[in-house]
Structure formats: structure tokens, C-alpha cells
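See structure below.
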Amino acid sequence: MVLVTRKGYFCAAHRLNNPSWSDEKNDRVFGKCNNPNGHGHNYTVEVTVAGSPPADSGMVIDLKVLAEIIEEELIERVDHKNLNMDVDFMRGIIPTAENIAVAFWKILAPKITEGKLYSIRLYESQNNIVEYRGD
Amino acid sequence: MVLVTRKGYFCAAHRLNNPSWSDEKNDRVFGKCNNPNGHGHNYTVEVTVAGSPPADSGMVIDLKVLAEIIEEELIERVDHKNLNMDVDFMRGIIPTAENIAVAFWKILAPKITEGKLYSIRLYESQNNIVEYRGD
Amino acid sequence: MVLVTRKGYFCAAHRLNNPSWSDEKNDRVFGKCNNPNGHGHNYTVEVTVAGSPPADSGMVIDLKVLAEIIEEELIERVDHKNLNMDVDFMRGIIPTAENIAVAFWKILAPKITEGKLYSIRLYESQNNIVEYRGD
Amino acid sequence: MVLVTRKGYFCAAHRLNNPSWSDEKNDRVFGKCNNPNGHGHNYTVEVTVAGSPPADSGMVIDLKVLAEIIEEELIERVDHKNLNMDVDFMRGIIPTAENIAVAFWKILAPKITEGKLYSIRLYESQNNIVEYRGD
Amino acid sequence: MVLVTRKGYFCAAHRLNNPSWSDEKNDRVFGKCNNPNGHGHNYTVEVTVAGSPPADSGMVIDLKVLAEIIEEELIERVDHKNLNMDVDFMRGIIPTAENIAVAFWKILAPKITEGKLYSIRLYESQNNIVEYRGD
Amino acid sequence: MVLVTRKGYFCAAHRLNNPSWSDEKNDRVFGKCNNPNGHGHNYTVEVTVAGSPPADSGMVIDLKVLAEIIEEELIERVDHKNLNMDVDFMRGIIPTAENIAVAFWKILAPKITEGKLYSIRLYESQNNIVEYRGD
């Protein structure tokens, strides 16, 4: 088994807020991330696919194809967007890095047909990183 | 003369829009950056001070002091903020990287009293960088 | 299960030396790292916590809280220090990257109460990295 | 168990082409990577060794020794080379990142006698990464 | 005046060789870079444009436009190519980083019509960088 | 004129202290950097040489030669050393990044005979950078 990773990039605004909580609790739990007018990030996503490279191509998955899937299924839907307001698959979900990574997994897992989706790694900032490998 | 550079980091939302233009012109000029609900970035700012290090300290400017100035004068006012709505010194200014760098210069230049402010370099993303060195 | 990683930074001096060995053996095994007056590094530590994000917060662990734990339990005790002389929890331990990572694990594991400590990854330099995931 | 990683660097030319396929199929599968005169990369290889650090040295493997093994067994044989034409252990193998990583594993596994080879991670570019952990 | 920088990326093969020199002299001057079958790099190019941002747009040059110019005029002509054999504007020119940077300047200078081309910075590898700012 | 930059790396211990000052003043000015047992850094040095590439070689300076000069004149004298105690050319000089950069300039300027030394840029940490371009 070989793991193949391709990166994608997007920038987006978001706000961490649970509408069923009081303002006071949102402030306590989410702090500055609860700023009413939002803030934003340059996100990096690393999509890792596991598989065995066939002898005739030597590739687990064609990286051009993987790059296109990431571009079409993820980047075009979140890049230069507000994750709370503009992204259908995040509706009703608090856009923490954890929740974004899980949402990305749900979208990509059925689209990866050469090899098998192994992990979604999301860098929200230089210092904050999350990774999801499915259930 | 020695140049001394200290970095700072912030993340913020913004939208590029000129309210005196038509929607069509805003879309044409600013493209995806004109998204009504905004998007965002992890910004890195590099503040460079020029001076001659005195023999007794060997420092153009105490980097702890420079770091505190950057933190108090810049980062605390823009980090986890919406640059269009939450930042007093950006009011009425389109928050392009160019305009942010010039605004940062105006704030910092009078605060640097050891050495002299030499440049403000702002990374909006991995691929987009601006630099302002004063008039 | 989602993995959440937060980075911390410190710089420190150290010397690799086993006092029960001859000078000759210390030189042979530790080479330049055995320099009597020490040398130093900018270390980066990545602390990874594993858990399942609750629906109401969407966070495995509050990254602000994790950042504070890293700062108070690790960084304040090693930053701008000599790891052989100034750090109580390294007393009698050769400060190789491996041993520092294990020592960090022992300190942090009981402090992580949301989620569970998953790994300590320590970058001693651009080219040397160690990782410890517990026993 | 502690994982110890050492990086190495090399630059090389390569071409992705299966001589038993038609030109049309090579173009379709390998795209720009099938350019007849080749292209090239700055590769980074991360070699990870797993083991338990003995109390007297505190090191899973002496990083100087690991660095020398990487230099002699890998870098000197591929650096500033054409991977299709100049490298004996790649003869008859399509030089995809997957295949290079597997070839590196086969070379290094028997050479690592302190600890045990755990993974070969190969960065072909900023956005394309593969990893092999043995069968 | 504000400096605006946009990055581009390409990977290419090349060989350093002066056909009017003896093999012995080529080996002595160019060393490993003279390997007959070539080697390659992941290049990064930073294009910097200088200008004054107009008040109504706040942009020295539209970064989307600059990115397209870099893509069409430079990247498409060198990416996944052999710089000695496949690139018309490098014909008869030894593809050192210095010569590539100067060639890029000649191509881009007349294409930059908002602001003025200020510098071409080319990273051949992590450790080798050249910059050209015109005559 | 083309600028050519080559990087070098070293790790070292140092302490900022002016022996002619009181302990109290040293603490106030140098803070944590005055720790009696020292601390340390992974330093990166960028050496930039300016010149015009001759038509027959296309190189301002042979980067192999520049790399060797950096290795022999700088790196071997400071790597894995204590800058206060082990380095002859730093004797009596407070090892701030500013002073190290100036000392490096004095050593390298007469050694660069192809092209002309243009700048010494020294990264003490990710966030602290100094640059010296001569008088």
C-alpha cells in the first residue's frame, strides 16, 4: 500500500457560533472566533488516497485526476466564500476545522474510485491542523 | 545600516468592493474578492526597521519592544476581525493588501523611535505579497 | 475520531553527553553535539489530540485551551533555557530529541482532559524530526 | 516506540512513459509528464526509523549515521541524474513518485540496523507527496 | 510606490553545458549540472510590479491579471519542459538560473502595463535563488 | 546586474550579555536572552552576490564555489558552537543577530572575487531576521 497526497488551497471567511447558545456562552467557548462580522483564513487541504500502484502505470491514482476532483468538489465550493453563509454542505454546521474536514471526507469518499480515501488533513493556520480518517 | 525584521500574524475577513461603482464593475474588477459575504486570509506582516546597532547593546531595536509594538498597534486591531466593518483605521478604505500595508505604515512610522521604519511587507496568501517603503 | 494538532515554538541550548562514558566515547557517539559549551536549536513541537467533536461545539478540544496548556506546561519551562542545566524535568536525562519528546508526553498526557493525547512531534531542525505516541 | 525522521534532498529529471503503450495512451495517462525530453523536480525524501532509544545514548539511531546512509545509498545515486537513464535501480521501472519510494524502501530496509525502517515519504513537488511503509 | 509580488511555479529539466567548450572544461565549470541526460528542478518565480495604487481600486495591478500573464507568458512555455530542447526563447542560451531570470524579464517587461516590472526572482532550489531588476 | 543568493544553515548557542553592565540592566535590556546558561537557535544565512553573468558560463558566481566558501568560512566556524565562547571572530562582541551579520560580512567580502558581496541576511528564528549590505 502506498499513500498519495495532493494539496489544495482556498481562502474563506467564517464565524464560530452556536445559535442555540447564549451570547455569553458563545463568547466563552469560541472567544475571538465568535466575532459577529467574521474573520477568515487561508486554508490548505491535504487529501490522501491509499492504494497499490499497478505495474503498467506506477500510479495509485492519477494526480491530475485527483487534483481535478479536489478543485471541482471542494475548492470551487469554498474558495473566496463565507463558510457560514455561502456553502450549501456546511448549512447548519459550525465551521470548525474539525467539521470542515469531516464534511470534505463525506464529499470526497464516494468520488475516489482509484484507490481509497485515507485521510483529509486541513490546515486552518500555521499552528492549527486537523485530520480525519473516516470512522 | 542594518535592517531588522520582525514578523506578526493575523487572520481576518475582508471584501473588495467600491460602493461608488456598479455591481457589474465591482464584479469585473474585483472578481471573487467581491463576494458579498466576504472571504478571508491568514496574513503575515513583516516590519523592517533600519538603523545602526550601538556597540553596547548590539541591537538596532530591541526585538521584544518591536514585537510588542506590532502586537499592540497592529495585530490586536485586526486579528479575528472583519477589515471592512470592525477596523477603525480602514474605514472608507478598500482593504486591498496594498491599502492595508500603507495604513500599517502610517500607524507604525511614528511609533518606531529606535531606528527608522524601512518597510512593511504583507503576505495576503502564499502567492500574493505587497511591500511599502514609504513615499 | 478527529486528530487536532497545535504547534508551539521554543529555542534552547543543549549538549549531548553521557557523564558515565569516556570523553572519547562521547565524542564518537555524539560528535559535534558533544561540544562542551553547547549549541542550540529553534524547536517546533506539534501536540496532537484525538477525539470526537461534540455536535454543539464542533471542537475536539478548544485550541485556545490547548495552546495555553502547551505554553504553560512546556514552552515557559524550556524557552530560552539550557536543557541540560535549567530544566527540572530533564535533570539526569540526555536531551536528545527522542528524550525531550518522551518527557513532553509525560507532562502533557495527564493535562489533556478533552480528547486524548495522541502524539508529540518535535522538530529539532529542518532535517531532524522525532515523534512519540506513548507506549 | 519513537519515530525518528531525517530528510534528504535531490534534484533529478524524469519522464513518465510506458514503452509497451501507444503514444496516444501514454499521452492520455501521463499527460505533460510524458514530454519526450523530460522535465524535473527538486525532491525531498523523509526517511523514518522506529525504535526505542536506549537509556545510555537516548537515540533510536544516530542521526549522523542515518544521514550518511541516506546520502550514500540514495542521494549520490539520484542527485543531478536522469531517473530514466542514469539510475541502475530504476531500470525498467516507470519513475513515478510511488515507484521511487518503493525502490528507496528496498534499498534502505536492509541498511537500517539500529531501529527498523518505518516509512519513506517522498515530496515530488510542493503539492504531490507519496509515502510507503512496506508491505 | 508599492511593490506587488505574485508567485508562479513550474518544473523543468535542464543541463548546463557550453557546446563551444571541451568536455573537460564543461565538467570543471558546471560539475554535476553538466550531466549529459540532464537533471531538473521545481522552480518558483516571483514577479514584482511597482506602482501607485489608484484610490478607486486600491490595486497597483489586478493580481488576477498578473497571475494570468505569468501563467500564459511564462509557465505554459516552461512547465514540464526541457529548458535546453523545448523552449524557444532559451534557444542558444545556457539555462542557468541567471539566464532564465533575464529571459523572463525580457518577456514580461512589455506585458506589464499597469505599474512597471520591478524584479524577477527565481528559486531554482531551496538554497539557490537569483534576482534580476533590469539594467 | 543579477543578484545570486545561496543559503547556509548552522545551529549554535548564545547569550546576550554586556559584561560592563549591571545584572539588572542586562536583564532589562536582553530579557530572556540573558539567561546565564545560554539558549540557542537554528540559524539560516543567505549570502547574496551581485554581478553580471558572462555569456560563456551564464553564472555570476559558480554556486558550488559560493557554497564552499560559505561552508568553510562561516558554517564550520559557528555550527554546533557556543557563539560567546567558541568562535574567535566573535570574541568581545555581543552575539546579537545584527553583530553576527556584520561579522560574517567582514569575513566574506574579501573572499568573493567573482561578483561582489551584496548582502548578508540572517534568520535567527522564524520571526527575527536581520540584513546587512555593508557601509
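For reference, chains read A, B, C, D, E and F in written order, and residue numbers begin at 1 within each chain.
The criterion applied here is as follows: a contact is a pair of C-beta atoms (placed from the backbone, for glycine too) under 8 Å apart; a residue touches a chain by one contact, two chains touch by 3 or more.
Just so it is clear, the model here is predicted, and its values are computed rather than measured.
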Next on the checklist: Applying the touch definition from the top, give me the chains sitting in contact with each of chain A and chain D.
Outcome noted: C
Checklist entry - Is the C-beta contact count larger for B-E or for A-B? => result A-B
Checklist entry - Between chain A and chain F, what is the separation of their C-alpha centroids in Å? => result 41
Checklist outcome for this item: Cα centre of chain C to Cα centre of chain F, whole Å, reads 28
Next on the checklist: Where in chain A do residues touch two or more of the other chains?
Outcome noted: 126
Item to check | Full enumeration of touching chain pairs | outcome: A-B, A-C, A-D, B-E, B-F, C-D, C-F, D-E, E-F
Checklist outcome for this item: The answer for chain B against chain F in the complex is residues 1-7, 46, 53, 56-60, 62-64, 67
Checklist entry - Of all residues in chain B, which touch chain E in the complex? => result 16, 18, 20-21, 29, 31, 93-99, 101-102, 126-133, 135
Checklist outcome for this item: Residue set of chain A touching chain B in the complex reads 9, 11-14, 32-33, 35, 37-42, 79-82, 84-86, 125-126
